[in-house]
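In what follows, structures are represented as structure tokens.
Across the two complexes that follow, chain A remains constant while its partner is chain B and subsequently chain C.
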Partner chain A sequence: MDSLFLQQVVNGLIIGSVYSLIAIGLTMIFGVMRISNFAHGDYAMVGAYVAVFVMMWLPGPLGWVNALLAAAVIVAVAGVVSELLIFRPLLDRRTDIDMIMVSIGLFILLENLAQFFFEARPRMLADPFGGNTVDLGLVSTSQLRLFCLAFSCVAIAGLQVFLNRSKTGIAIRATSQNSRAARLMGIDINRIYTLTFGLGSAMAGIGGVLYGTLFAVYPTMGAIPTLKAFVVTILGGMGNIRGAIFGGFILGVAETLGGSYLAMEYKNAIGFVIIILVLLIRPQGLFGQREGV
Partner chain B sequence: MIKKSLGIALFTACFLFALCVGPALSADSVKIGILGPFSGSLAFNASEMKKGMLLALEEVNDAGGLFGRQVELVYGDTECKPDKGVGAVKKLLTRDEVLVVGGGYCSSVNIAASQIADMEKCPVVVAIAISPTITNRGLEYVFRTSPNSPMFLNGINQWLEKVKQAKTVAFFMENSDYGRDGEKIWSELSKKIKAKELAHLYFEIGDTDFTTQISKLKNLNPDVTFNIASTTEAALIQKQAKELNFVTQWIGVGGQFTEAYFKMTGPISQYAMGSSLEPTLNMKSPETAAFVEAYRTAYPDSRPGIFSSQGYDNLKVILDAVQRAGEPTGDLQQDREKIKDALEKTDMKLTQGRITFEDDGQVHSVVPSVVQVQLENCEPELRIIYPEDRATADYQAPQPWRERECQ
Partner chain C sequence: MTPRTTRRLLTAAGLAAFFTLPLVVTDRYFLHILVMTGIFAILTSSWNLLTGYAGQLNLGHAAFYGIGAYTSAILATRLGINPWAGLLAGGLLAAAAGFLLGIPSLRLSGPYLAITTIGFAEILRLVAMNWVDLTRGSLGLYGIPPLTPIPITSNVSIEFTSERNFLYVLLIVLLLTVWAIRRMIRSGFGVTLKALRDDEVGAESIGVDTARFKLTVFTISAFFAGVAGALFAHYQRLISPDTLSLGETFAILTMTMLGGLGTLTGPILGAVILTFFSEWLRFVEDMVKLDVRMVIYGLLLIVTIRFMREGVVGLLVKLPWWPKTLGKGGSDGR
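== the complex of A and B ==
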């Protein structure tokens, strides 16, 4: 195993962890409410801008930690507000196309509002590790990237524990599996919808801060994470959380290895080739279960 | 029901808001169309161009406008996408009925948009896009106030031939006309100086993660890496090269060196090279010095960069031609024809130098210098290192990351 291969796997895992973090929210919302939210990546953008403003007041590593918390809270609130005002009224009489068009509209609106209020200028979030790098001989990376990998894993694991152990988490899963049965069991479906939207948006907000610190913050930054999150979600199975976690890592590694050993100019196309293959061979996704079985 | 009407009210409010943001058009102003990627990943650079143009616009309108009429700029947003650019230029030509089209950023967009303008017989003056294709198709109505890429790269090519003598080179560029044209020129040069071409790697505009490509470059270890990218991508590439501990002599076209780039990279961009027409490097010229001062007065928080001065020059040239063409008669075809004839006779001294067009509509009299990013108290600044008669500093060879003081 040569150093290039190892390096590319590490690069892939790191970027994949951020893909997973953002995709989890998307897949949760889809699982529970059957909404394909094309504005999901823009929640990440909003989170990144929250971090920019928090760090103007409070620079340094402490500011960054606060920014992460603030982004989670504010984006969760924004998610809940958009759920109540925009998605909820359409839930009863919607077709899939309605929801898709509304979320695309929200995506365009948020992007343009950000451009209007925050300028188009790309901004950097100061690296809480001061840009320190880690050189392990065969593999180099930065402390920030390793932190992103570790943090995403912890956040994902925390969410898993919440969904599997807590009563509310189990209610969310029950709603996702069969909302009518869940309602008959006395679960307040509307509360679960709001909660899921808030939680999913908070994950995107946190993902946005990590993404913005690794790269840059600008109004259109949500587009690529949205695209990747959809690839990941379809890859892992729509609505399947475990699928989103592994899907993120698989996509990250497939892109870096494919880009490195096949053709660099098609790096971004690799995700879509995977989608087509998955839809042809295993339409329910790698981790999804066939409906009605 | 309340919820529903609230939704409708919100939607209406947003819609009205969107309507208000558009500029109000007045009937008897002199209308000039301006193309640029005012939204999308290049919106910041386009806003710098616009700031320069607004300075020129203010100068003319404060002095009473042209022929006693105010000059009005009508913007067409291209988003740096050729299909959007074609739509935007068609709207400017037919709906807004502009006399002439200026601005223009992104080569792929301007190759398409200028063809449309030429078919409609409306003069178009490109400000920033540098692909040679724009002016070498023999289109009569197409002009450009910026040097093209061979002109931009000429100085660097001489430096590579005479000074650097690289043995191995790699290419890493935007997958667009801007990237591919630069690649062609530097690939020819590499053959001429007998440097081995190790790799040709591409990325898409708007990409953010370049670790795959940089890891591959690091494995090949080229002496020189040609990186043809715009501000955001170029800055992220520098940052990620550091994370992956990759050292090379980066050479770019020069358009990446903007205020935003230096804010994003800080001292990490040390040793990067490019070609530049930065106005602040050319303060001996009275026109440039005056522009820099006016810009700093008008926008105290921003640094006058290359795109702002190119935007300024572009609109100055257009205003001068409209003035010499005489008061518009209202017959659009005839007015546009007269402006085209006036443009051909342009001869002005502006911030980039003397501007005259040759038969191909290209300015050939503007000569960029070779610059390198060097540090002063850990703050990055551009210095001219070639040609010798203009140089303000010596070339510094890139040092390994752990030996650099400022990071």
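== the complex of A and C ==
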């Protein structure tokens, strides 16, 4: 194993952790409410813009930390509002076509509102670590990238603890497994829906800040995270959180390896090729039966 | 008047309007908008067959459109093949792609199918961007010849370089598309499709070969989209990988939803309304210096799905004098 290969694997794991972070929200929302939200990546875009504006007032590392918090809160609110106004009224529709199409409407709306208010030019979020690199022997990376990896892992682990240990978390999982039974047990389903949507979009919002700091912030940036998040959730089985975590890392590594060894220009196609193969061979995703949150 | 006569009169009036409009209109810009409307009407009608009637959510319709456009354009510019043959070739290759994409659809539905179809279109778009030797990449293919003239006598022939004559070709293709779809949905095939859309397991349990039906609809829907793409290539005479973009599919989707998903006239109505509306908005935007067109698209889509699921056709049907079966296209009223 040469160091280039190892370097690409590390790079893949780093970007993969951000994919996981964004995809977890998508898979949670699908698991609990059966909503496939094609506007999910736009919550990441909103989060990234929150960071842009917070860092205008408060530059530097402190601003960036505050930006992460602000993005989580503001995007959670945005998620809850869109759930109540747009998705909730359609929950009793018979087909999922309506739900998917309304989310596409939201996607078009958010993307173009951003274009309208924030201008089309890409903006950069200043690296809070000043571009410092870390040398880890065989591989090297930047402090920022290492932080993204660590932060995503902590956020994901935190969510896991919340879902597995807290009473509310257990209620979310119960609703995802069987909403009717959960309601019979006295769980307020509507509250769980709102909570899940808020939590799921907040994860996307945080992911958007990381994604925007690693790359750039622009109004149409949401489309790529949306598609990647769908690839990741399908890889892991939709509604399956553990699947989404592994799926994110797998996609990240597959993309960087494919990009450097096969063809850079087809990097964004790799995920689609993988899921088309997965769906043909194993429609339930790589990680067994659909498990629920 | 019985609903049947009213319906026939309205259809006749609509057809007459369609065929006289190009004669009355002289403004080239207006004719161009009509051409774009026609192309979109073929796309929305074919998308509606697959998604509205058969319930298969296809978010990669732009792929079929793009395959048709690139096939005919490449055949004409590289091999000098007659554009008329190119139309057919574009349609057939798109149909083959539709058949291929139909295969995974046998096992997939909802979000899985949606993502697979998006993935298919995105992969093709990346190929069109990067296979520079064949497609000239993001520069696009230019110098595509127009449809060759049809000779009438030894020295008179019909040219297709003018918008007007091209518009007639387009109208004929659109009519063929709608006629084919209408024949399909009014037959036993259509009944099966609706059964497939409403309850796939149920349909299968009473002996419907759902696989065969899905593949057939995918193939036919793709064929018409491919022909529309080829027509566009020989009209615009310049195509770029944008023809394969997600935005193109979303425009088709918004038009169909606005007009009325799962109805025969809805998709055409939606194409007419949105193409003209967005051209009108262009003027308004120039005046007020705001770019709000796409914001309105998004809002329209959300509002349509929430409050008028049957689209504009659904509203028209509620008018007291409107013949009750027109525009419903044999739909079950959803």
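Following the convention adopted for this analysis, the second predicted complex is superposed on the first by the 285 of 293 C-alpha atoms of A that agree within 3 Å, B and C clash if a C-alpha of one lies under 4 Å from a C-alpha of the other, contacts with A are read in each partner's own complex, and residues count from 1 in each chain.
The rule we apply is simple: a contact is a pair of C-beta atoms (placed from the backbone, for glycine too) under 8 Å apart; a residue touches a chain by one contact, two chains touch by 3 or more.
Given the structure is predicted, the values throughout are model-derived calculations rather than measurements.
Student: Looking at the superposed three-chain arrangement on chain A, would you call chain B and chain C a clash or a fit?
Tutor: By the criteria stated at the top, chain C and chain B clash after superposition.
Student: In the superposed arrangement, which partner chain does A:284 touch: chain B (first), chain C (second), both, or neither?
Tutor: neither
Student: Just to be sure I read the superposition right, which of the two partners does A:160 touch: chain B = first, chain C = second, or both, or neither?
Tutor: After superposition on chain A, A:160 lies in contact with neither partner.
Student: Now for A:89: first (chain B), second (chain C), both, or neither, which partner does it touch?
Tutor: In the superposition, A:89 touches chain B and chain C alike.
Student: Examine A:4 and indicate which partner it touches, taking first as chain B and second as chain C; both and neither are also allowed.
Tutor: The first partner, chain B, only.
Student: Could you say whether A:116 touches chain B, chain C, both of them, or neither, answering first, second, both or neither?
Tutor: In the superposed model, A:116 contacts both chain B and chain C.
Student: Touching A:108, do we find chain B (first), chain C (second), both, or neither?
Tutor: Only chain C is touched by A:108; chain B is not.
Student: After the superposition on A, what does A:194 contact: first (chain B), second (chain C), both or neither?
Tutor: A:194 sits against neither chain B nor chain C.
Student: Check whether A:100 is in contact with chain B, with chain C, with both or with neither, and answer first, second, both or neither.
Tutor: So A:100 only meets chain C here.
Student: In the superposed arrangement, which partner chain does A:268 touch: chain B (first), chain C (second), both, or neither?
Tutor: After superposition on chain A, A:268 lies in contact with both partners, chain B and chain C.
Student: In the combined picture, which part of chain C sits where chain B already is, 239-247, 257-265 or 311-319?
Tutor: Once both complexes are placed on chain A, chain C clashes with chain B in 239-247.
Student: Intersection of chain A residues contacting chain B with those contacting chain C?
Tutor: Common interface on chain A, chain B vs chain C: 86, 89, 109, 112, 115-116, 223, 265, 268.
Student: State the interface residues of chain A toward chain C in the complex, per the touch definition above.
Tutor: The touching residues are 30, 36, 38, 86, 89-90, 95-98, 100-102, 104-113, 115-116, 223, 227, 230-231, 234, 238, 263, 265-266, 268-269, 271-273, 275-276, 279-280, 283.
Student: Using the touch definition up top, name the residues of chain B that touch chain A in the complex.
Tutor: Those in contact with chain A are residues 3-4, 6-7, 10, 14, 21, 39-41, 43-44, 46-47, 175, 201-204, 206-209, 211-213, 215-216, 218-219, 231-232, 235-236, 242-245, 260, 263-264, 268, 401, 407.
Student: Would you mind writing out the residues of chain A in touch with chain B in their complex?
Tutor: Of all residues in chain A, those touching chain B are 3-4, 7-8, 11-12, 14-15, 85-86, 88-89, 109, 112, 115-116, 119-124, 131, 133, 135, 140-142, 144-145, 211, 214-216, 218-221, 223-224, 255-256, 259-260, 264-265, 267-268.
Student: Write out the stretch or stretches of chain C touching chain A in their complex.
Tutor: 51, 55, 57, 59, 104, 107-108, 110-112, 114-116, 118-120, 122-123, 126, 129-130, 246, 250, 253-254, 257, 290-292, 294-295, 297-302, 305-306, 309
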